[in-house]
């Protein structure tokens, strides 16, 4: 009989619950032993009970000290990620951690060092790499179907802005939102970013400008292999969650459009119409959360290094920091400028 | 606390397993007590164990005698449907039964009579009514968005033919395969069929002809409300499971295309291409199996009559029988001719 | 220098004007000498002048007696077609004639006999065979890309009904409108029709029923090579001129959708929309009128037999007459029943 | 009777011939008197004869001295544009001139001054503004259907690079090719460019790099009204002439895809495919050439100022010059820096 990986989860918020549900139902070969969160209310208790979670605790240390546990899934708040990764690694447990590792470069590097020394595996939750559309684009690149990539275009627009309170502490659009797109661009380019130029404006809500952020952004990336990337972001696409990727190469072009809730077209005297694209990121990306966890445990099972790796997590934050500097100074910024 | 409906399942074959998995994971407010099948091997035992099925039995009577059980889900072979519906009804249990109720008209009517007297609810598993595309078409009809329906077009083609042994006993294409389309046409027309003309040929595999069946069919339906329906079927669409519906009405037209595995288009020097449509009916209709069971228990919860009803099950078989007569005699056949 | 074919046109109505404009501008290697019509008003005179028509006459005989004229394009009223074809043939002039040749079978056969004896070429104006979409479908069939055809599906719906006065004399929907679809089905099947079942109803305008016609039709065709065809027609598709063809074969399926005025999709908070499909047959088929005349003169230039041929014109009328009989008697009718 | 505008054409090369053909056939209310070119060979003579051009001359001055001529269409080489515009204006003739007016800013301004003093109308041939797709996008912007524009995305890729000899003298990709996109961005933004950042690389053909140009470019535009623009260009899209525009606004998004030669989708065991998009700019934009000339003469007829105006021509060149400076200095460049 095949060994089951015993798992502990830290954090049972919105994303944590998705991981828990997937571990219980959709990821073969795992056994979820403990879910830890700093706060457990009745609602969470009932949800965990219905789901079939065996043990719920506020004592996070239990995860690290439980000798049975092979792997830890970290879905707690961002500021705790590096601390918990380190603890798990020191306890010789493999780690799947939500993005980003940290917002402080030194702490990220220190954490990766500890992981390396511990010899455990680390995967960062850039789930969009596992999306059926973007994975298919990547396959077209890797298989050579569209030749050598030359231009990567990413459109990534949220349906509505987060609360101003969140924007104040998130690091801003180029950090909290574009981080997914920096990673997607690197994923499709198969290369590291050399230079980034980012700019934008406050076109949606002046309140966002007042707290020092932008709500609309465009950026150009130059990769070490010569590939060029362009990204556009908006905090508010009134028609839904607009998520598209295009890779143009020497032998062709692969374009991923948005998902649609159904295939029905309605022809009337006025126009031809279709239903709106999905509005919420969970509708859009649910399947990718399942697939990333499956991939993580497949790697453990086959003793392979998972991707997106810790190094991916580091590189994405480097691009984000350079992009923010570019926005502030209105000039292209090399990654080497921010990676001392 | 809300009452949970206690459920017993009869039949743990391919479709039965789907229902069991949905009852355990995706249908809220139910508790699955027993799964009964006439044959239980080690594979089934292991599967049930992993799924979390509490009790597995070869004694089907247990389902009917268990006083806790509120509802029975029947997914056994077709020839047992009417018998088990009757038994469940007599035991005052609600019934969800896979299509068709029976192939014998008298037995269907007798069964519906018993259900009626027992005062239990009966739903027949025409899952396609719950498909996201075909449901959306129906919504366009019911909401008046496309006006009064005038022409209904259904394309329904299997990726590959069933074994010849199955065709010998299935009643033939117009019964085993088109039954879904007769139901879909009735669903979209919101009316009963008055007359059917069906014809076809053996264009794929001569072996199918040798056992007295056709492998390619076309049919025209006239509904009591004047709507006209056209259906085309094939046992073998080499490109995948081709499932499309179109309703043309006085104010517009609603057209549902096939689902696609992703939205990616690849542009090359040769052509523009997309991935194939899904090949297997489970890929295509998985979501509809979940939604039909949810709908069934919603009806129980709210004391509403579920559809597709037993009467729907009867009407669909009537159309199938008339269609087969039409094929044999090469003339339009009225439903009244076969419904004595 | 290459010889130019000298052409005379009979009939300067709506279709005649299209042919005249194409002969003057878009068909290389021709010289238009005379345009004849039984009635020439000031508007026509001015139009002809602006177009650059050299000679306009009410004396149709001039066309047949002009020794310079090599080919005659007939776009006069249907009841004059066979007479003018015969006259042109006897004068040893090649003929391009609008569909149908005639509505009387004997007269068609007599006309084809005269054409044959005269040794001139005859092409019938089933322009849709030259449409970019339907031609592409046909190429997919002929090239073997989709294997042997098995099912042909034609949707052909007019945006709005013709005047009742027209319907009274046109022969009815199955003759005046479906004639294009009988031809399209034969074109795609590469075979002759063996049997047709046609039915329909009055779902749009009761006035149409009062003059003995239907406004909505569906039909099933059986071809000699086993191919099955299904056609649906409506006199009124409120969303535009709905013209689609699908051929399903042993190796694949080719589907032609409607043309659209542009490729723009508009995403809003309400839905995703596109502009309506073209409303008028001239918008839709303009290019095919040009291409059919080019094809006709290419055949003259290369001494090839043009298609659609006179025999095609005959076969299409045979199917139309059988379809009408089928509608009247509500039974499948063999072509051999009407072709004595 | 309505006055016809008498027209003279300068230049009978590839684009000149298109204008000549349109003036003769597709632009109502005009009379083409003279076509002038510095070189007239037998091929041109024959073409002009077949077209019905009345007079062909190598004496360009005839155009300016002919008192009958109301308007001049200039399609000669770029270095002659400003000279001929000036001559025509001084002769009190309206001018339609191919883009760009000139590559020297001073000469453009001087030319516009002369046009202004002469009181004649001037239109610059940015034909893409009249393309059915891009015009539809613009309508969505102007009508408010998608609210205030926020992001404009333009993809403009040629099927294959021009000869190296052309690149040497054209001013380079950002001038000769992107000029259309600078204009398109301004057209959709309804505002002037404030700053541009352009960069790129040599990813297709090293020879292009050797003559000091790039073959792949990306650019970001900031408009005075806050709109952000992103453009990507390639000299070689192996799959055809890739021309797409997207405008994202506060109330929605309008996306124009490429035209396709037909609507046919082919479903096979391998994939679903469509024919390639058009490969050549004439296939793609033919209709827009017709419409721009019609618009020009409509303006003359109604005494309105045509757009794209001379000022548009100036602004587009300003952006191009700033973009080139940006590429050279790898920094965002303000238009005010180059417009002294």
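Chains: A, B, C and D, in written order; residue numbering restarts at 1 for each.
Going forward, a contact is a pair of C-beta atoms (placed from the backbone, for glycine too) under 8 Å apart; a residue touches a chain by one contact, two chains touch by 3 or more.
Predicted model, so just to flag it, every value in this text is computed and none were measured.
Compared with chain D, the chain whose C-alpha mean position is the greatest distance off is B. Taking each chain's centre as the average of its CA atoms, chain B and chain C sit 42 Å apart.
Between chain A and chain B, the centres computed from C-alpha atoms are 40 Å apart.
A separation of 58 Å divides the Cα centre of chain A from that of chain C. Contacts with at least two other chains are made by residues 237-239, 242, 251-253, 260, 267-269, 275 of chain D. Chain contacts here are complete: no pair of chains fails to touch. Per the touch definition, chain D reaches chain B in the complex via residues 237-240, 242, 260, 267-277.
Chain contact summary for the complex, chain B toward chain A: residues 25, 52, 132-133, 135-137, 140, 145-146, 251-259, 261-269, 275.
On the chain D side of its complex with chain A, the touching residues are 147-148, 150-151, 153, 155, 157, 197, 199-201, 203-204, 216, 218-220, 222, 226-230, 232, 234, 236-239, 242, 248, 250-253, 330-332.
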